[in-house]
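Please find the structures below.
After this come two complexes, each holding subunit A, first together with subunit B and then together with subunit C.
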Partner chain A sequence: MAAISKSLGTVVTVPLAWLARIIDYPLRWWQIRTGQGGMAAVFLFPNLAIFGVFVIVPLVLNFLYSTTSGTDIFLPDRTFVGLDQYQRLLSCDDYTRRITCREDQFWTAAGNTLAFVIFQVATMVAVSLITALILNRNIAGRGFFRAVFFFPVLLSPVVVGLIWRWILQRQGLLNLIMVNLGMEPEVWLNDRAYAFTATIGVSVWAHMGFYTLILLAGLQAIPKDLYEAADMDGTPPARVFWRITLPLLGPNLAVVLVLALIKGVQIFDEVYVLTGGGPGTSTLYLTQYIYEVGFASILRNPGLAAAASILMGLVLVVLTLIQLWLSGRKEKAGKR
Partner chain B sequence: MSRVSQFIFRRRGGSGWHWTDIVTWVWLIGGTILMFGPALWLVSSSLKGPAQLAEFPPTLLPYTQITMPVEGFDNPLPLYTVTNEDGTTEVLAEIRRVGTNAQMVDPDAPEDRINVNIANREPLREIGFATDNYVQPLVTNDFLRFLWNSVFVTTMATLITLLTNSMAAFALSKYDFRGRDAVMLIIVGTLMVPLSVILVPLYSVVSATGLLNSLWGVILPTVATPTGVFLLRQYMLTIPDELLEAARMDHASEWQIYWRIVLPLAAPALAVLAIFSVVWRWNDFLWPLIVLSQRETYTLQVGLNTYAGELNVQWHYILAMTVVTMIPVVIVFIFLQRFITTGIAGAGIK
Partner chain C sequence: MGRIALKDIRKSFGGVEVIHGIDLDVEEGELVVFVGPSGCGKSTLLRLIAGLDRPTSGAIEIDGKDVTRVNAADRGLAMVFQSYALYPHMTVRQNLSFGLENTRMAKTEITARIDDAGRMLEIGELMERRPTQLSGGQRQRVAIGRAIVREPSAFLLDEPLSNLDAELRVTMRAELAQLHDRLKTTMIYVTHDQVEAMTLADRIVVLRKGVIEQVDTPLGLYNTPANLFVAGFIGAPNMNFFETTAQGGHAELPGGLTVKAPGDGKITVGIRPQHLRLADDGEEALEGIVTLVEALGAETVVHARAVDGTGMVTVLSGQPGLHIGEPVRVALDHAQIHLFDADGQRIIPASG
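Let's look at the complex of A and B:
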């Protein structure tokens, strides 16, 4: 095994070393001519070029797209319409009734996303907190259990979606359990409420391990002598939790909350595979709306999709700023 | 033995089970079943044949029906346990099924054909694996192609990520030049630009550069990760500048300093980024779904989604290919497990 990996290593590294040596000659010449500043440019160039073309340029173009209409994808072919796309997204005859909106699918997706985020983030924080508290206890096999909860985090969203679609289908594992408990089997993903609950449950299942790790790191950073002092004073455990653990874990909890919000707003992959947005539009979330308007539907409208993605981006920017502010505060608190 | 059990059942403080101990163990054992159970159920299901997958209630383990060569018949016949009217049972082989009746023979006396109501027969089965589920999609469907595409995308994207990110991180951590802070600001500022926000313009950029339906169209937009640059830069800051100065005294070029000194020293951070990158790129779904519209360019994730979205889903193939898709990640998990348990991953995220 070791021999194989060693020879495999040579196969990769020897050509790379040769390549690096060949590159060295022109770079040496460049270094003599331009000095360190020129070399800095060389080192930065590949990353910044790729980054610029595939992140910065699209970021700017997005605003232009959102002010144009048509089905063509190239900007010069498109007609400028000002803020019409935004107006189309946001205008309703009667804001209390979704059906009167011009783009009622958008409002459905936004409403679904809001409901999803509220329930999912609350469940996520609660479950991760309980798991972190339990994993922080002095128990046998702690290392093993820590890894257990991290396992689904690594799985691909498509695999997660398919695993659960298979469990929730008519002849699936959940129905087997239901029947054994003497209850009626259901076609879970054909029911609006069950499907919505399933998207929440599955996404919590898939991502809770990540947030548990952040909270666990926070719990371990709490000085042990605080607990010893509380123990000596005979403080009841509930009081210790409310007065020591929770306040000191506060910054971590806040970061988890905002991170989960940011991820929750963008939910797509596993839900798309699990329910495809259905039944009806009961699990249609914002990213799927953008994807379908921009690419998948026959009447595709890239301008409308761009406008919707900018509106979603604004929400994310606000959340990210809160997160940066929180982690800045956390760093300061750590230094004190 | 008693010391082992004492260790395993270590409790909070004194004697007796506190209620928190019970909650802890219920949570942990329930959690373990819930976290691994679905994946194990997937693996078990992926080894069942199509007929068995359609059964309800499903069995926990995969079974195959026992077949037996019978004199006078070309193919081996499936065996059934048949319950006679008087309550006795016997093992018979089925020739064919006609409506609710099955024509069967006794394997020892193949001359007499017996008609049996199908309600009175049970397939005779043993634990066995339908390995065909794995072989068929790889050989006759396009899954070998998808697998190769996924491997190509993951390897290339990871190599380019490591190279370009480490070069940028080197410049940002070891050089003092005008505009460095501006570059850092851009990188940190875009740390959180999610793909879903720039889908439309990114698609137009990729199609303008002629990368639609090309694996490079999947690879390139993902490789310049701000996360990677940030992670490597933070690590490279801890490499002492004296080492670099000493190398400069010996007339090493800047490229040599990067390649022969900084890169080897940054190996731990590079390893972390490599693991992240492999998992990210292997699992990517939304972007490949948009860029790749021709079947021969699909990655495993897109291919799986396409086959699972068909009107008549061939679950026996889908499940097996889902297991194949899961394998690299399981390997990474086994490697990572040690990091997670020692808390390094937790510290790294913080």
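Let's look at the complex of A and C:
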């Protein structure tokens, strides 16, 4: 056994040693010429190159598309129109009435997304927090339940959407159970309120495991003896929660809140599979609007979609800045 | 107020018994130290008294009242944790007031108590700071302050000084002794440091593997250890032990030195390093070869190997000028030897 692992080691280390010897000379030369900063550039280059090709270049292209019009795909074929697309998205005759807007679908999608984000994030934070608090206790089968709640996070959003459509559709599992229990079946996905609620419930179900995990880690980082000290002082459980658990969980809650907000604004795949934005436009969210305007509709308008995605991007940038500010503040607090 | 009695306390964790029937009476105003090697159950015992854990069997009484099933908060005790357990997001003042606010105490009373504690512990200026802005010693004071403001019938201190550096530990030890002197409240103090135990305690409880080995005053433990474990645990450097056989009222030590020993059979002779001195010429002596010399200036600790291979340590006053590898002959004070039988229990000498 030892001989095998030794020879395996040789198989790995000998080529590595050769490789190291080959790149040693140029790296050494580079370091002598440029110092530590130059070496940092060398090691950062691969990641920066990937980031540039897949993030920066598309971002710039997206902005360029947003200043053009037409149905052509290739940028050189398109007509430059300046900020017309933005104007088209944002112009309404009467801002209190969505129907008077030139792109009323955009406003519908934005309004739906806002409502979705408010309800979904509130539900998400509450459900994840309660789940984390329960899983943090010494209950039987704790490991099993942790796995159960995390499992949906591993599923592809399309699978999530399909599973729930199969449960909620007119002849789905839920109605089957209800009929067998002697109840009237409901058209879950064809009712505006039910469908909207379903998109919230399904996305919470699919992602809560991730947020629960963050909160659980935060809960477990709170020293046990703080609770024992509170216990010695006869602190009622509610006061322990509000005065000890919640403040000490604050940084984790802030991370969860902002991440959930960002993910909420971006919501698309599972809802697209589950309701397709319907009934009507009642579950049409921004990303789906962008997708349909840019790619899926017959009268596709990549410029308009690009402009809408830039606007959505601005919202996300603001949210991300808030998150960075929060985590920076947390670091500062930690250093004090 | 503050009389604590333990009656046949046992505690098991998952079927493994770690406390094997402890009986102990702590008198009012007494400072009792639980001492023992790690894993001896001293912290577990403290947590049982505090009410943070429940004993598997046995009873705990405070001032004659059975509190075995009483919640921690209702026992009237205050605990100082090894980690201090200060609430990191609260100021010092909030840390001190948090526990009092649970009892619907009047605001003026809370303020008065906090100010008193602040003055007593000299933390008055730190009231608006958070624990992270305090030094180790200051945190320690706040932790003690949080216990004091509750005016408990007894303080429970779980290795309170172990997170401080050596110098601060000595200072805080003296302050704790003064504090106890002033408050005259019962204190139970857990430590693994025998110096802390010796300097602070009215009585020391030596624990090992969940049983009490001996309960006595510090000097009582030092002068008449009940068994080999206590003899070896209390006193620094550790007591020298020589295994030998008693016969006809005498036992022979390596080198031919004989000591009085009652009875017949295997015994262990214990001599503290401080009770050994260099032998005069012709005097009966323990003989050995020096293996290590630790010259501390005022005294010199000499490690030697006796002729039969037993290690022995001698604390000699001054600077005797011994070197590694040299032969050494040490004589002993016959009044200061300790005899233990084959089971490690102290043998009471028949005469004086």
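Just so we're on the same page, the second predicted complex is superposed on the first by the 274 of 336 C-alpha atoms of A that agree within 3 Å, B and C clash if a C-alpha of one lies under 4 Å from a C-alpha of the other, contacts with A are read in each partner's own complex, and residues count from 1 in each chain.
Please note the rule applied: a contact is a pair of C-beta atoms (placed from the backbone, for glycine too) under 8 Å apart; a residue touches a chain by one contact, two chains touch by 3 or more.
Quantities reported herein were computed from a predicted structural model and do not represent experimental measurements.
> Per the contact definition in the header, classify A:166: touching subunit B only (first), subunit C only (second), both, or neither.
Touch partner of A:166: subunit B, not subunit C.
> In the superposed arrangement, does A:238 touch subunit B (first), subunit C (second), both or neither?
A:238: touches no partner chain.
> Looking at A:316 after the superposition, I want to know if it touches subunit B, subunit C, both of them or none. Which is it: first, second, both, neither?
first
> Which of the two partners, first being subunit B and second being subunit C, lies in contact with A:50: first, second, both, or neither?
So A:50 only meets subunit B here.
> Between subunit C and subunit B, which one touches more residues of subunit A when both complexes sit on the common chain A?
Touching more residues of subunit A than the other partner does is B.
> Output check: A:36 vs subunit B and subunit C. Expected answer is one of first, second, both, neither. What do you get?
Only subunit B is touched by A:36; subunit C is not.
> Which holds for A:248: it touches subunit B only (first), subunit C only (second), both, or neither?
After superposition on chain A, A:248 lies in contact with subunit C alone.
> Could you look at A:58 and tell me whether it touches subunit B, subunit C, both or neither (first, second, both, neither)?
A:58: touches subunit B, not subunit C.
> In the superposed arrangement, which partner chain does A:299 touch: subunit B (first), subunit C (second), both, or neither?
Touch partners of A:299: none, neither subunit B nor subunit C.
> For subunit A, what residues appear in both contact lists, the one with subunit B and the one with subunit C?
none
> Taking the touch rule as given, give the residues of subunit C at its contact with subunit A in the complex, in rising order.
50-52, 71-74, 77-79, 81-83, 85, 87-89, 98-99, 102-103, 130, 132-133, 146, 150
> Which positions of subunit B touch subunit A when the two form their complex?
7-10, 12, 20, 23-24, 27-28, 31-32, 34-36, 38-39, 41-42, 45, 53-58, 163-165, 167-168, 170-172, 175, 177-178, 180, 183, 186-187, 190, 192-194, 196-209, 220-221, 223-224, 226, 229, 253-256, 258-259, 279, 282-283, 285-286, 289-290, 301, 304-305, 308-309, 315, 318-319, 322, 325-326, 329, 332-333, 336-337, 340-343, 345-347, 349-350
> Where on subunit A does subunit C make contact in their complex?
So the residues of subunit A touching subunit C come out as 223, 225-226, 228-236, 239, 243-244, 247-248, 250, 336.
> Which of the residues in subunit A end up touching subunit B in this complex?
For subunit A paired with subunit B, touching residues are 20, 23-24, 27-28, 31, 36-37, 39-40, 43-44, 46-48, 50-51, 53-62, 64-65, 73-75, 130-131, 134, 137-152, 154-159, 162-167, 170-173, 175-176, 179-180, 185, 205, 209-210, 213-214, 216-218, 220, 237, 252, 262, 266, 268-269, 272-273, 276, 286-287, 290-291, 294-295, 302, 305-306, 309-310, 312-313, 316, 320, 323.
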